[in-house]
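Next up: some structures, all given as structure tokens.
Below are two complexes that have subunit A in common, paired first with subunit B and then with subunit C.
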Partner chain A sequence: MRRSALVRGLLYLGLLLLTVFYLLPLWGALTTSLKTDAEVDTTNPLSFPQRPTFEPYGAAFSYLRRPLLNSLLITLGGTLGSVALGAMCGYVLANFRFKYDNLVFLLITVGIFLPFQAILIPLFQTIRSLGLYDSVLGLILAHTAYGIPMCTLMFRVFYGELPSSLVKQALTDGSGPWRTYLKVVLPSTKIATVTVLIFQFTSIWNELLFGLVIGGPRSMPATVALNNLAGTLAAQWNVQMAGSMLLAIPVLLLYIFLGRYLIRGYMAGSVTAT
Partner chain B sequence: MARLSGWFTRHPLWVLVIPLGLVAYFVYGGLLWNFWVSVSDWRGLVPSYSFRGFDHYARLFSDPVFWTSLKNTAILFFTIPLCILLGLGVAVLLDQGLLGSTVFRNLYLLPFALSFVVTGTIWAWMYNPTSGIINTLLRSIGLGALQGTWHTSQRTVMGSIILALVWQFSGYAALVLLAGIRSVPEVQIKAAMLEGASKFRIYRKIVFPQLRGAIATTIVVVMMYALRSFDFIWVLTGGGPGYASHTLPIMMYKEAFQATRFAYGSAIASVLLVLVLLILVPYLYRTYRRGK
Partner chain C sequence: MAEVKVADLRVTYNRGRTVAADDVSFEVTDGEFCILLGPSGCGKTTVLHSIAGLIRPDRGEVRIGDQVVTSVEGGVYVRPQDRNVAMVFQEYALYPNLTVWGNLAFPLEARGMRKAEVRKKVSEVAELLGITELLKRRPAQLSGGQRQRVALGRALVRDPSVFLLDEPLGNLDAKLRVQVRFELKRIQKQLKATMIYVTHDQTEAMTMGDRIVLMKDGKLVQVGPPRELYEEPRNLFVAGFVGMPPINLLHCTVVSSADGLLLDAGEIKLPAPETKREKLSPGMRLVVGIRPADIAWEGEGIPLEVALEGVEPMGDSVIVHGSLGSIGLTAKWALPEIQESDRVKFVLNPEKLHLFDPGSGARI
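Here is the complex of A and B:
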């Protein structure tokens, strides 16, 4: 069907209006983050500063430096832990039949929907009695444990897409489950691994609640610190926006360069419903 | 999948011990433990686990803050139809085969990738009544009369939260719905076009009815978020002004970790869990049966 230029123009207008809707808050945050205190008070928030300054970034970074490092360690540890353990579950559940295998899968995946408030007090007590309160390690443990359900679901979906004859062949050729996994499954599902890694990285990096509850001054992730920053510097919007940008940058970079995988992760994460 | 014999079938299960142990302890152990706290006599910082009874639940049901939180949790459900309607519109627009559609889709999905702490901080600046982005924008285009107090007034705070959440989630809805539209077999659409059906009719009669799965996904994802909403609201309003944007997760966090009423907080968490299960069980039952 051929469309008239008018219709095409209107469709593009719609796409552009939507772009404004979705990007306007981010644009406002970017422009504000590049302004001096005086400019924030006197100029339109959406106008790009005449002379962009990075001072707000300096101020935000000096406050967020340690928390950003904490976030990085927590995120790397939690991502590796949950992805490794979830991959094991996904591999076994996708390739081996055993009694109650479906029930085990169900019981694991229920964890995806868990309202974290319902385990928060036990988590807090457990971490405290392990002596891990206010430690990066405690947060890694929490993110590993509660990340397993989502990772298991995603890996089972991705490993399930592998031709089962491939795995069966390797197993009947005499290589054990471990060897089969390392030599056959892992090399042929690299994209799946990258997808889950990126998905977990962004979810853990973005998370607030565990940091609030079992983190403290020493182990505080950047999400908690940014929220505290808003409380202490109520008026300095440029510093708050710069802090938001600093927290968003790793995710933005992943989104720009590996967005394909992240989007695949979003789709796989919702696969149970379809 | 092959039914494998011998030790192959048993051996790999050992791999499951650590992850299953963690899930069993942290998820299921945690849930039981939380329930036990809610019927215990734990007061103050030092845990105490003697049975006290269901007093905390009785108190909860006569606590006006609980009913406000429950009401707000329900109000957040309005995010669902708004996300689906906007997402469907966006998905149809992206399905028109225009150049750059994928780029636009990725731009619309960008807010969904960001932390609620980032978006909450940014929306606090958007909504700031004096010099914030929205009110300044309205003034500068001569619509100063439409300026609002947004998240800072009791009357508009929930609406403001919903608007921001629609902004953050509708791109995701569009992604899932677009994938649903694309999965409609092309033969069906071609056949309808040959018979001279209009584009509008094709969407209404052929495409939309096949989006049931995609819509169910969106509903479940957004609804689970609405029930478990904490991060965004905590950063934007902290549950205020007053109790105006308290939801069950916010109330639980404040009671347990700010007021150190752990037993009361765990009772709130148990109610929240029951609400989640009410929605989840039928849905999981369906998935589980399909899996078999």
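Here is the complex of A and C:
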């Protein structure tokens, strides 16, 4: 009894230390973002700001306003696009048998394992020949296409957890595949949908490479702008950190409000039991 | 309502490695209560799903009314949502996101019925099945028996060409089961509904069916009215599957004696039935089947003194287990109870014996 309490205490201590270590950079970013230029130069990055100021946030925001808006549009568009299309694919692949269905599934999901870098050049050429270079629409399109494989896989797994008799029942009840999806499958798998939405939102929001390659001055997402900030304003750590915090806020909010769904979604049981 | 015709159906799974149904042909006439009976895994659900269009068979044809809905050879396949069949799945398949009301209304709304009429139909069916108080609940808040009734209601609310029911009473308790069984049979008669009803419970099959389609390992074994399967089982499997308690089986050899041919099972020797005499010859090996209900406690026949092994009172009848040397026999008597003693008299009627070939199992 006492021994196991000791082991548990040590375990917690170890985990606590690791957590502190993991959160240290975030802490450093937060404190630095609240310091004045002068204080940044003279104090330790981890020390608490002596006279906290929001000025760096003002500076970062005025620089990042347009890119943040771009990011929001790109992320919303890309998330909705990939989730909607992935859900359709997952639904069909989980519930309907057709010729070469397994091959189709395989070919779609191979996309998950394609590294970003491998498709950059053909992607660039495709987007340019579509006349979508340096446009928000081009980035939405790229993220939608790139997100479909992962969304398809996740939805197929989630929808596979629904008893297959449910869709069959709806069909014999005279409800076609579309109506069945909207009236039965979608409402029974809300947590699954939220899980995939958060997953896609986070990936697209944080993505840098596509924005760098097919985005330009007009369509630049916030990740790219922040990266540029590091180059142009080399010394202004406080502004850069404030920009980082601004960029992190939407994702943090998402996790704070919807994180419990995400955990439930990842731990199966994402589907309402019959 | 409509008739259903299944012809030469073959269904395989795992790219042909599992044959779930083969050479299945039968007909259900308009307004008939047809039972698909057989042990677990024999392919009942597979056949039912083929009729509903949820499975595309490898071969064969399905006809509902005068429409061919599946024909592999003719390249015809009508989608399930266009077949107008009402299905109750083995695992209920209630829509978890909808209330009981929503579940019952679903098939009507899917067909675009007007709201007022939907409301009327749903409350009628809810009344009929005694689930009116449950209409606002969700499936997760129902007991197994209540879910089953909702699933049944979702089929009954419609006006389909045929009802396909896959063990719809499996999870009801004994009392409710008898009640719903009776109710279902009454509804079926009243609507003159064509029903195909899957079960592995032979009591259910005997009491409800106009006709039984008995399957084993994906094949039809015997098709006919319940009495026919009971009185003239085509082979040992049918004899053993139909009837409760199960038929007594004795391994015998045919011997000749002064009184004619005898069936010799060691401790028991029975005269061969008159009607079967010409098919028998001395030295032949047979399996003799004796229905427990064909063993009497008095009257004419061959009396046997057997040692009493046990008695199961069933209320209005008793099941009596007796033994004669190494042979065990079970009788079913329409008596409320019997005098317990060491020995009882079993009276056999030789004309009611069933004879089977021990090799092929076929009826002689």
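Just so we're on the same page, the second predicted complex is superposed on the first by the 251 of 274 C-alpha atoms of A that agree within 3 Å, B and C clash if a C-alpha of one lies under 4 Å from a C-alpha of the other, contacts with A are read in each partner's own complex, and residues count from 1 in each chain.
Rule of thumb we're sticking to: contacts are C-beta pairs under 8 Å (C-beta built on N, C-alpha and C of every residue); 3 or more make two chains touch, one makes a residue touch a chain.
Predicted model, so just to flag it, every value in this text is computed and none were measured.
> With the two complexes superposed on chain A, say which partner A:171 touches: subunit B (first), subunit C (second), both, or neither.
A:171 sits against subunit B and subunit C alike.
> Scan A:250 for contacts with subunit B and subunit C and give back first, second, both or neither.
Neither subunit B nor subunit C is touched by A:250.
> Output check: A:56 vs subunit B and subunit C. Expected answer is one of first, second, both, neither. What do you get?
Once the two structures are laid over each other on A, A:56 reaches no partner at all.
> Classify the contacts of A:78 with the two partner chains as first (subunit B alone), second (subunit C alone), both, or neither.
Once the two structures are laid over each other on A, A:78 reaches no partner at all.
> Could you tell me if A:67 is touching subunit B, subunit C, both of them or neither one (first, second, both, neither)?
The answer is neither, since A:67 touches no partner chain.
> Considering only the touch criterion stated at the top, classify A:187 as touching first (subunit B), second (subunit C), both, or neither.
It touches subunit C, and subunit B stays clear.
> Per the contact definition in the header, classify A:215: touching subunit B only (first), subunit C only (second), both, or neither.
Touch status of A:215: no partner.
> If you count the residues of subunit A that each partner touches, which comes out higher, subunit B or subunit C?
B
> Is there a shared patch on subunit A that both subunit B and subunit C touch, and which residues make it up?
168, 171, 176, 272-274
> Which of the residues in subunit A end up touching subunit C in this complex?
So the residues of subunit A in touch with subunit C come to 163, 165-166, 168-176, 179, 183-184, 187-188, 272-274.
> Which of the residues in subunit B end up touching subunit A in this complex?
1-4, 8-13, 15-16, 18-20, 22-23, 25-31, 33-34, 37, 47, 90, 93-94, 96, 98, 100-101, 104, 106-126, 128, 131-133, 136-137, 140, 167, 171-172, 175-176, 179-180, 193, 199, 213-214, 216-217, 220-221, 224, 227-228, 230-231, 234-235, 248-249, 252-253, 256-257, 262, 265-266, 268-270, 272-273, 276, 280, 283-284, 287-288, 291-292
> Which of the residues in subunit C come into contact with subunit A in the complex?
Against subunit A, subunit C makes touches at 49, 52-54, 79-81, 83-87, 89-98, 106-107, 110-111, 139-140, 154, 158, 164.
> State the interface residues of subunit A toward subunit B in the complex, per the touch definition above.
Answer in residue numbers: 1, 8, 11-12, 14-15, 18-19, 21-26, 28-29, 32, 40-41, 44-46, 85-86, 88-89, 91-92, 94-98, 102, 104-111, 113-126, 142, 144-146, 148-149, 152, 164, 168, 171, 176-177, 202, 205-209, 212-213, 223, 226-227, 230, 237, 240-241, 243-244, 247-248, 251-252, 254-255, 259, 262-263, 266-267, 270, 272-274.
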